[in-house]
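Worksheet: one structure, shown below.
In order of appearance the chains are A, B, C, D, E and F, and numbering begins at 1 in each one.
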Amino acid sequence: MVKAVFPGTFDPPTKGHINLIKRGAALFDTLDVVIAVNTSKRPLLTPQERLELLNESVRDLPGVKITLCNKLIVDYAEENGIKVILRGIRNVADFGYEFELSMMNKQLKSSIETVFLPTDPRYFVLRSSSIKELLSFHAEISEMVPPHVEKLLKSKTGGY
Amino acid sequence: MVKAVFPGTFDPPTKGHINLIKRGAALFDTLDVVIAVNTSKRPLLTPQERLELLNESVRDLPGVKITLCNKLIVDYAEENGIKVILRGIRNVADFGYEFELSMMNKQLKSSIETVFLPTDPRYFVLRSSSIKELLSFHAEISEMVPPHVEKLLKSKTGGY
Amino acid sequence: MVKAVFPGTFDPPTKGHINLIKRGAALFDTLDVVIAVNTSKRPLLTPQERLELLNESVRDLPGVKITLCNKLIVDYAEENGIKVILRGIRNVADFGYEFELSMMNKQLKSSIETVFLPTDPRYFVLRSSSIKELLSFHAEISEMVPPHVEKLLKSKTGGY
Amino acid sequence: MVKAVFPGTFDPPTKGHINLIKRGAALFDTLDVVIAVNTSKRPLLTPQERLELLNESVRDLPGVKITLCNKLIVDYAEENGIKVILRGIRNVADFGYEFELSMMNKQLKSSIETVFLPTDPRYFVLRSSSIKELLSFHAEISEMVPPHVEKLLKSKTGGY
Amino acid sequence: MVKAVFPGTFDPPTKGHINLIKRGAALFDTLDVVIAVNTSKRPLLTPQERLELLNESVRDLPGVKITLCNKLIVDYAEENGIKVILRGIRNVADFGYEFELSMMNKQLKSSIETVFLPTDPRYFVLRSSSIKELLSFHAEISEMVPPHVEKLLKSKTGGY
Amino acid sequence: MVKAVFPGTFDPPTKGHINLIKRGAALFDTLDVVIAVNTSKRPLLTPQERLELLNESVRDLPGVKITLCNKLIVDYAEENGIKVILRGIRNVADFGYEFELSMMNKQLKSSIETVFLPTDPRYFVLRSSSIKELLSFHAEISEMVPPHVEKLLKSKTGGY
């Protein structure tokens, strides 16, 4: 049995994230989607809001669990018997950063593997930070996030 | 049950290949190591030699099978109920090429995923073509290939 | 009046090429599509075949002309009063190569500009050399080339 | 008639910017140079100062207009009948970022093209943020900005 | 006689830094290790602490001197008769940034060369900012910094 | 005393090569310029011709010696008491390749360092293979190679 974890900030969760969660869930026996809560950046959504949005998005996926986490991801993995860290890659620049991170995690816990899955081409341009910027311009984001995420985002940024 | 395939030329098989096969075998239920036989480049080893060298290298790994193949890898995967193509990535340049290949394979068969595993840092510099070049200079290659591979290579290139 | 040239090997012309020609024709007053005929690689199609396939593909585009050329592209541009070399870019690796080529062309003729247009995401994976390889495996290529190009390619590679 | 827009922060305008504006003005019928005013970063120069510096720099260029803008650039383009967003590219790292931005803009308004022009090699090292850092060390910047820009920058940073 | 300078923030000094200092000291007649003190980022260690940690690390290396500096590195080099700026490169992303910096420095003082040395593979994953992040998670860092650096870091971050 | 080697094919030697040789000679006590003679590619110039062209180019540089070599460069270095392999880097793509090569050489002989020097911006577009292609189009190459190299190249390719 191979368990995997998909860590991220998910602020907000995008269609790209949900696509990766579905594909990851089909590859491993269980998949923990872990929301990092102690990052220094100012979040748009509270951890609890992100947890609820993700739960609503993956309700029907067996083996998928959403959790909050304020530890190093390798520590979370080790404590939960997880062998695989799953990461999506959109392009070469993403990869450079992720490759280095994977080497650091390997150095911290050599038994845990990082596995990269290429992003679906429909979602190449999706990053949560772009969505936040688009929101500030009241741009259309329905192609980028599921309807229930869009609804919460609009209610939090002035209901335009 | 998730089955994977690890395709390559393996001319010759390196310690980097064998490291990836071991790690891949721990992640998926079965792993077919597939030797591409119809490439246009002039091989150093015959397909049969490569098959035997790999078989000797992975003898004790449950779920691993070595085969020869002269088809598109996505066709091999589909015919064998395989969901995952496993690829090792040594660096950013590797990734650019592999990313594009993965998109082409996704376009050919959308149900098959390419999964990337970062190469172990000990094997970053190992590529089969470098080993062939080093052999032509009679350089030391025992760090790069297992002993039984080194023995065959030396016997074929003049027994230096 | 700004005239542009879109040079390439077009062996074979792909849907990606035709998409770029259409978009380029909308940006400049005239667009010469120039088929390089003296490259050293062994072509699949004769220059004349490529000329006819492209002519059939762009028949309805005003301002577009297909020609054969055995000169440096900057010389062709200068002789024809062309100010812009148009190039499509699919990814970062493409760009590195094209950027260097554009600097060399600028050094040869400083008055001629190279202008880069990003490839439509639907065609990221299309390169003529991949199509040739897929043909050798009798893979499906109808997503990648127009029907009249596919027909000629199949007739030349055994009519599978 | 093809209209283009060249967006940027221009804090401060550099010789590299002015070189691109001249070259862009020669390729398209009109070129709007658009100063983004609502970025979050702390500017060195006020939007009005940047507008005046650019106006002084391009006074003699027919078809070039400098404006302030607090919208998404694709919205500005659509409202003004502009078909082309012009961007300069200095190197591969620039390109990775710009390529992704161009895909996002294409997704927001598919009718608008992003066109990339390679930076003149004399200006490869010029970015506005470097100039700000050099100013803080009282380094020589006359190679990097036009005289009237240098004069204002020096008067604002202590008249060294 | 060729003198070199190795500039950095060294917040904290890592085993990677010390490896580069040793290798650089073997290549040039003297090597000044220069701690940049006026960077805007909030440092973890005071300049004086970094100076002492580095002094303790390189005590036995002839020709190596540690100094604090609040000038442009090319000005420091010129004033001290130094011809070479030494920089370590861990990967392609590092290089893109360093290459551009080297061109800017060449433009400021054309007589001073930047020389790049590849990082030892054991230290590919080491960057000071990662160590700071790991410290905030109380992760193990003894592989990454010398014992006396680890000791000070732990005393400053709560003595865990 | 630090001795360095600058290996290459030099087919033909370019102004970029000569610029690097001059800069390298100023950094190290001696610099051996080593012409690799056993590469598989079809050369334009004989090794002897390249030796003579380089000798004429560096006649006045103390400490510089031109030699032919058919060994691994690390073996040449070790036999001649050389500690440094000098390589020029024109751009990020160059670097990816050179970085990997440097790791392989480090693995073969850990005592020998590879040192990278950025190419002078005037010579970014110069690679010997481009010059060969330009020659086949009878293009102007006097910006790219010294006069005595140009003279020999023209005499060998038809005296155009």
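General observations
By definition in this document, contacts are C-beta pairs under 8 Å (C-beta built on N, C-alpha and C of every residue); 3 or more make two chains touch, one makes a residue touch a chain.
A quick note: this is a predicted structure, and the numbers were derived from the prediction, not measured.
By number of C-beta pairs in contact, A-E leads over the other of A-C and A-E.
Seen as a C-alpha superposition, chain B sits on chain E after a turn of 180°, to the nearest 5. By residue number, over half of the touching pairs seen at A-B are also found at C-D, the match among A-D, B-E or C-D. When chain centres are set by their Cα atoms, the one at the greatest distance from chain E is C.
Looking at which positions face the partner, chain C and chain D present mostly the same ones, since more than half of the interface numbers are shared.
Separation between the centroids of chain C and chain E, computed from CA atoms only, is 48 Å. Chain B and chain F have Cα centroids separated by 34 Å.
Chain centres here are Cα averages; for chain E and chain F they lie 31 Å apart.
Contact of a single residue of chain C with at least two other chains is seen at positions 91-93, 96, 99, 103, 121, 124. Counting only pairs that meet the touch rule, the chains in contact are A-B, A-C, A-D, A-E, B-C, B-E, B-F, C-D, C-F, D-E, D-F, E-F.
Interface residues of chain A facing chain C in the complex, by the touch rule stated above, are 91-93, 121, 124. The part of chain C that touches chain F in the complex is made up of residues 71-72, 75, 93, 96-97, 99-100, 103-104, 107-108. Chain A meets chain D in the complex at residues 90-93, 124-125, 130, 134, 137, 139-140, 143. Chain D meets chain C in the complex at residues 2, 23, 26-28, 83-84, 89, 91-92, 95-96, 99, 102-103, 106, 113-118, 121.
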